[in-house]
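These are the structures, in structure tokens.
Here come two complexes built around chain A, the first alongside chain B, the second alongside chain C.
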Partner chain A sequence: MSNAKERKHAKKMRNQPTNVTLSSGFVADRGGKHHTGGGKPSQAQKQELHSGTSRQRQIKTSPHSLPEPDVNEQSSSKNMFKKKGGWKAGPEGTSQEIPKYLTASTFAQARAAEISAMLKAVTQKSSNSLVFQTLPRHMRRRAMSHNVKRLPRRLQELAKKEAEKAVHQKKEHSKNKCHKARRCHINRTLEFNRRQKKNIWLETHIWYAKRFHMVKKWGYCLGERPTVKSHRACYRAMTHLCLLQDLSYYCCLELKGREEEILKALSQMCSIDTGLTFAAVHCLSGKRQGSLMLYRANKYPREMLGPVTFIWKSERTPGDASGNRQLWIWLHPTLKLAILEEIKTVCLCSEPIKSDVCVPNPLPTPVQEKSHPELADDIVGKKRKRKNDEENAKPVKKIIGDGTRDPCQPRSWVSPTTGIIISDLTMEINRFRLIGPLSQCILTSALKAAPVHTGEEDTEESPHHWWTDTCKNSDSISLHQRQEAVFQLLGGISSPAEIPAGTILGLTVGDPRVNLPQKRCKALPDSERCQDNEKVRQLLLEGVPVECTRSFIWNQDICKSVTENKISDQDLNRMRSELLVPGSQLVLGPHESKIPILLIQQPGKLTGEDRLGWGSGWDVLLPKGWGMAFWIPFIYRGARVGGLKETAVHFQYKRSPNIPGDFPDCLAGVLFADEQAKDLLEKYRRRPPAKRPNYVKLGTLAPFRCPWEQLTQDWESRVQTPEASPIASTPGGEKSDLRRHKVPCAPVPGKIHHSSTEAGISENQLTEPEAMDTGCQDQAGTEKVLEQVATENHVAATSSQLCVLRNRKLLKQLSAWCGPSSGDRRAPCRDQQELTTEACLSILTPFPRALVWVSLSLLRKGSPEPHTMICVPSKEDLFRLSQDHHYHGPQESRHSDPFKSLILKEKEKKKMEKRQNRDTASMGLAVGELTTGQEALTRGLWSGPLPGMTSHCSRVLLGFITQGDFSMAVGCGEALGFVSVTGLLDMLYSQPAATRGLVLLRPPASLQYRFARITIEV
Partner chain B sequence: MAENREPRGAGDTELDPVEYTLRKRLPHRLPRRPNDIYVNMKTDFKAQLARCQKLLDGGARGQNACTEIYIHGLGLAINRAINIALQLQAGSFGSLEVAANTSTVELVDELEPETDSREPLTRIRNNSAIHIRVFRVTPK
Partner chain C sequence: MVRFKHRYLLCELVSDDPRCRLSLDDRMLGGLVRDAIARVHGTFGAAACSVGFAVRYLNAYTGIVLLRCRKDFYQLVWSALPFITYLENKGHRYPCFFNTLHVGGTIRTCQKFLIQYNRRQLLILLQNCTDEGEREAIKKSVCRSCLLEEESAEEELSDSAGEEFAEAVNC
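On to the complex of A and B.
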């Protein structure tokens, strides 16, 4: 009580001047007079007992002490308080007395100090509020913070100071140049060039950055999703209209050399099992685009590198003796490094070339280097004027293409033995993708074939020599006209899906900026164009003839000259403004640029039964520097633009794997999964434990990632363990069911125990699932487990990693088994069932730990999300489904959380330690180090090594979903993911034919299972 | 065309499924007017009927009502197209009339090779189609 009072008082006295605590001779005088005076009242009281005389004197003087309160004030707070207590006890308790005399000088000195302290306290405001905020309410006026004069005079000074300060602070925040200077073209270009150094900007970057949420990914700045709400609008654009995407971040590798040599080298990297290879006839002729999976050389089922698309340049003359060919391989930037390295080793290309192919690069680089010191100088600001004059002499060039690349870094390599030249054409070519049925209308209305130069009147003036040269050749003119005719035919075809998949068409077009419409409009199919039946029919049947696939875009020199001779937007607009009739067509004549382009048809959904051809479209390849010149015309014709999210949606509805995320067996996919898991975990940790799902209780072992390795391993051991010989353990109806209940019981409790006790200590938790697993089994220490380890070791020797099944034959077989057997298909189905035991084995022996890409569609309710678990339904589930039409699926029972008590204990321990820390600092340090060494447990997450994945919940786990959402195309939940092949076969075998292919899905944050049908589309 | 004849001839002897995969392409169609309705077998029958009815009735006060609509059915959906047209007529108390046209549609099947050494082939297949014009007449 008294303590609190004391504190309160101390707080009150805090702002009192300290220099006036009865120091100096004042007290000393009194102390000298009396027995140490008021300095120590307890002492004084004691002395009071001894001396009665002094007491009497005090009583006498006490009435005098009252009119001089500052004696009280002068004493320190503690003294004063004690004195008050004494006062209460009785009037005789006052040990205060009036000094007999005062020394004027010391007294005045003390008062002066006091006054100055008070003045200081008044002028210095303790709160951090502004001056006008301290005014009482009735004195406040509107806009006081802006206008100093609205304040009372006495405060105006202060307010002015404050306002200045605020302005100062603001100035520190902003850029050191004024807005106008920053908007100035040269400064802007410099600034943009500087900002492009770390991450590559696409040519459409500025356009995107104004309208999209940008992300820095894969070394590029990419638009992720539009800032406007447009999920459904983008879907509609893909299905009925046209969606435009900038895919220039895709990398292009060029291989030049003799056809046989290239084919021989690359054939090591792909397998005919997964589909067509580089040598497919129609691709090799240059007629079609091909796509395939690349593997590390001669490692076919394992060590995937990634999916690529490729185009061969068509042969100019069939009987060319040199046989030199050109091949472009297009791939995702995350795969580039690995694939480039592998191709280099396969082609034996080790010698970097810096000569002619490197020429386009040094051009922008000196400017880049120059821009450095200039930027530094600009900060100084005084020299700016002079610098600008210098710059006028040689204007700063915008970075076109890759701004991050080191100019000394080689971009092409040659092989001394085979003569193959590999060059990296990243950012040299723009790639725009148009998706949807209107894409052809947009193309035909936005692009016009280049006019042929007829007269020789001004050939010397024209900067486009290459075009005038080709126009002299009658063959090339006729070819150009044929290409134009084919291109015009496209406008009469209502959907790109009607054209053969991967058709290539080369073209040379005029400047698309010239005939830009005044306003944004919508290109609609013209019914008149559709009348030309015979030609259209021929195009649909045969595709584009081989000659028409030729384009000058394959020629680097022409591309370079086209990029350099582009008329700038500024000049074009000036010319437009100088037209005699405003708004009339601008005619540039021979000065108009001619741009070689390449159009590639992208097949939409090819597999499966429904929505065939969905999401088909055209890719446009342009030389660099021309991106925006084509981008705006496309948008003005009614294309809608999408970002990375729309790409993902496109892939999902097409039911094809999205590139980095859906390739768990390639390095980029693994990295992507790790990153995603990290992000999700961070997001999860940011929420308070009560406001986030407890995944341990929900029975979700890995909510943020898909532990494929462990899943496949678990399934392998599940099938192998109970019987001695692995051959006898082919999945058989009752046996597998029995196993389902028997196997999990033994190892799981031990593992849980193990994990809970050693959660913090084991280091290799997440990185090495195999090592960890064996560790677990050592703990369990039973004979069975030892056997298991032995078999696993054997398997590990034969097949170290998981792989994804991409063998087309096997996939076809699996997809046939997955479907439910309807009446007419019963006969072949029975045939396959007989096959099953052997057939399963034939699949499983080469791929013991394989995954397979499946698509799932929900039967009734539910919309799946990524990391949703795919589980095997039990017999009762299927029975209830057939009985009850409103049965949505079983519920998982709540799990117990073994970590909760651990976390609580940990907390207690920490508290104890903290207390100990306070006591003994040195001891606490050592203990603290120990605790920090342990990984902090997160509430609601499974920590430590995961126990048996498959049998952790009441339904056996089969796989995970990587993409999933409510599908607007189908009208129900749809998902894509991977399941273990072993598990899938086991499940299919035990299911009755009528309900074959039914699985259960459970999202990580839910206990409800939902029914879904599994299909494998080949 | 010569190229197309050849696979057509080969089609009689049923191409080896090991060497080719059959991929059906979308049927070629003309640009769609607002009063064209293509009937399919996936969408619910009632929904398609309601859609046709809506087109004929127009908005709340009958604005934007079409005086005639075209119902197209291909192959298996011919039955359904006829059914929709007749239902519309039956529910209109004699204010709608029906005129049917039949035609043949050429469909393209693509044969995708499974081996590198083979060219992709296309086959032409015919299928029957129906185009029903449903139009308003002033009842007598």
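On to the complex of A and C.
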């Protein structure tokens, strides 16, 4: 009987009386003594355990049916036998217990106990049905289920209890207000504010929540993917039209201080090897946005913190003596904590500044919410809405920005020695990203530069005094006009990729809601704007002039006033409805808001040879509070909106690493991988074993995560010694031969130390390479274990942990080697080295455990997926490929599953124990021990420590893929991932020049290898 | 409704020899009844009654037995019961007989009947009792059965009989 069925049966029978027999000696033992008046011991009226299902039926009343003092009382007056367990002695024993005389009391007690048992059985409901369901049909009435009064009076008590229980079981009823009240604006705002307490909402949250699948990530509520089917449409938007994304969740750190001080502090965190640093000329002038990798101070190339982008505020005057500069560093929220801490230590900023700015009035929501029910009790018949309104006369304010932050928490820190001020501007600035060639058309049509304030009616109180002040200065006006001219020119350029990467343009625009089109339309490039060819050409050549990058958005006070003086949508709509001619243009005049914004060109695909500039676009930075006011106009001009998934797709087509998944050497990346592995494992476990791939049989050791550490370690020990590295006298062919010999014995569980033995072998080869053959492997391995352990310790001491190769020079060299036959096709560059031993060693010595970011494109069929394995093809594979151009690739032979028998054995054992437990009826205890004693094995997954990663399958493992899909741009499968540098060099060295750079890909759930070409793009 | 209809026979096992109760258990009792049916009604009867036959409840102290059988052939079982005169156990034979108290369609009705029956028995016992100590003990148990009922009365149909008994005891 299944467990659930058993339980149901037990529940049904719980009130039913059990059989009462005399046959158990248990009774006598328990009582300590039994009297035999009439052979009817009184306390024997207790339940008794039978085997099987009746075990659970117990009379609850019986134990207390005869209180103990009662028994003693009686027994003292009775003739009784002290002999215990006499009944078990058989007929001979029973003869002693023949009563001398009969007593009626025991008889009566037995009757009474039976009555109580029966009463219980009769009165208590035993079935799972509701009370009214026990009534016969003709006595049932409508609405019985929720109106107790409809039931017969005798059942009303029972039904009342039942109804209470049902209410408790139900979730807490949140709808304490009627629908209309809930939709009322104040209550809605209150509710929204309450819900923003836990996770930060972007300003576009409501818009997103209606159209996207939302996820809670990184402390934010973010749209993951649209609810409509739009994978291809979003790709098209990125390539031909425009895709809009809300990146306001990116964090902004502001550094203020003297330029030299900032540069000196930050230079410890980045290296010139990885590209331009904070001090790059274009960036430092404020003309361009820069991007770089941050490392822990002076720890390059290890301890990566993450990629960031930064912009400097342009200097007001070139020869400014004070040299005070402002720097914004934009980074992903997962990296924020580590980078902020590191910057603080680097800049010696430890003193938090108590800013009065960031202390908003404490939100009155919870108190008022609580007072509502009391009020309702007080005034029952009256309209309580009015009263509430009077009570909170001041309107509830919507949360703008970060709702989760504790107002007392410091947000800026100052350094006493260097004078650098660091402030955390998270959620202070909105960042929208427009991707695609139409993004400039959308920008130019949606945004209009703010009209210059000319009138003399300054006397009247205008909220935008900062703008009127600016307009008094002729310099500022001319600057504004120049900015406007440049902005207008942008509309004539066909793609944002034509503009220099990272160009910054500051602007002050009018309220974009004013000229919102009636209907959603598509902004198309205007040919008339292109007539000014000369100017456009100049712009493209020289970029935006430095002065034009100035914007008031750098000024906190102006931003704050702009946020506060925003005309609400309601007011705007009211004014629009009051227009004399309906539908005509709304003219606000001096009351129109002026919003300082910053436009930053985002470079698209910078690396590689094909599709250069794909996915470029513009980022728009806005002061907070204005998100929706810009969002809707952009959409009304034909932008399609994407979520997190579209961001990932964008990164993939750009062939750039996605944050934080593709940074295995930074903490955020490791956490991300852990989380992903957990999710995937859970998903895998939800399927029945027969309906999911058995990864052990497929030879996939780690289907849900990429064990980089172990991979690099394996490669290191594999190619540790000079002879094992490609330089050695041992040709690669022999080595692969060796591997093939070893592979068949790999899956045996006993050989978990496979890698170690192998390492031992390689060491043995060092001393006597020629004498080595496969026959004496094991012996040699065991002999060399000690030595090998020693060397490993040494290795661990010298090379601490894995790192990702980001040195541009080395990457360039690697990428040149990866290409097929570099000899004649391309003229070798002057600094180009041939693939030789020295060159390899020069790369490998500083980075013994390095990974390198590669992109792969499949030769023929196949679409890779994340966690796909990148393997080294054998000579034979390459040969067959050269013979047959339609050769798909080799197949992995099926592995044996050593865990299956283990699992089966465990199951059998469990079953046996369960059976035993049932017999001994000490179920609960034993089961508890059983479950705690062992950890569960999952069928189809490798358990325990992983054996040697690289040589587990017939082809040697090189790395893993982190992003991969069918590429709609190229028309074949494309993937991005990491490979071990050591392994890559080993492979390249052993491959002939014609087929250099060919690898095999195998998804975790397949046995088929597919050919792919590896490229490193710099 | 769609179900197999049963008949439940509420019987009392009456025996002079108290040792006969010692060996009483459901399996033994079931075998006994089966044997009796086979003896009286032959193979046909035994086969007809074996479907759905079960001992649903057994109390060795009071000798109450609840037998279940299919509605179609309950008369065969019923008629076979008087032919059980001996209880056999390990070579010993104890004379006894079955006294059918009630035939019901559900266990519930049988249980209800049993409550009534037991109460009546207790009252009779009380009236016939002569010894003072005995009388006290019986009173106690009667009270308890009534009190129990009052306790459970909150979730139960009020039973007038219980109060009657309480009055009878008190006076």
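Keep in mind that, in the parts below, the second predicted complex is superposed on the first by the 721 of 1018 C-alpha atoms of A that agree within 3 Å, B and C clash if a C-alpha of one lies under 4 Å from a C-alpha of the other, contacts with A are read in each partner's own complex, and residues count from 1 in each chain.
In this section, a contact is a pair of C-beta atoms (placed from the backbone, for glycine too) under 8 Å apart; a residue touches a chain by one contact, two chains touch by 3 or more.
Just so we're clear, the structure is a prediction, and the values are computed from it rather than from any experiment.
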item	value
First (chain B), second (chain C), both or neither touched by A:Ala677	neither
Chain B versus chain C as contact partner of A:Ala279, first or second or both or neither	first
Partner chain in contact with A:Leu612 - chain B first, chain C second, else both or neither	first
Touching partner for A:Arg154 - first (chain B), second (chain C), both, neither	second
Superposed model, chain A: greater residue contact from chain B or chain C	C
Contacts of A:Ala501 with chain B and chain C, given as first, second, both or neither	first
Partner chain(s) touched by A:Ala163 [first = chain B, second = chain C, both, neither]	neither
Touching partner for A:Leu540 - first (chain B), second (chain C), both, neither	first
Which superposed partner A:Val122 touches (first chain B, second chain C, both, neither)	second
Shared chain A surface residues [contacts with chain B and with chain C]	none
Residue ranges of chain B in contact with chain A within the complex	1, 3-4, 21, 23-26, 28-32, 42, 106, 108, 110, 113-120, 122, 124
Complex contact set, residues of chain A against chain B	272, 275-277, 279-282, 288, 493-495, 497-498, 500-501, 524-527, 530, 536-538, 540-542, 606, 610, 612-613, 808, 1018
Contact footprint of chain A on chain C as seen in their complex	18-19, 21-26, 55, 57-62, 64, 89-90, 92, 107-108, 111-112, 114-115, 118-119, 121-122, 125-126, 129, 131, 133-134, 137-138, 140-142, 144-145, 148-149, 152, 154-158
Chain C partner contacts - residues on chain A that touch it in the complex	16-17, 19-23, 38-40, 44-45, 61, 65, 70, 74, 77, 87, 90-91, 94-95, 98-99, 103-116, 118-124, 154, 157-158, 161
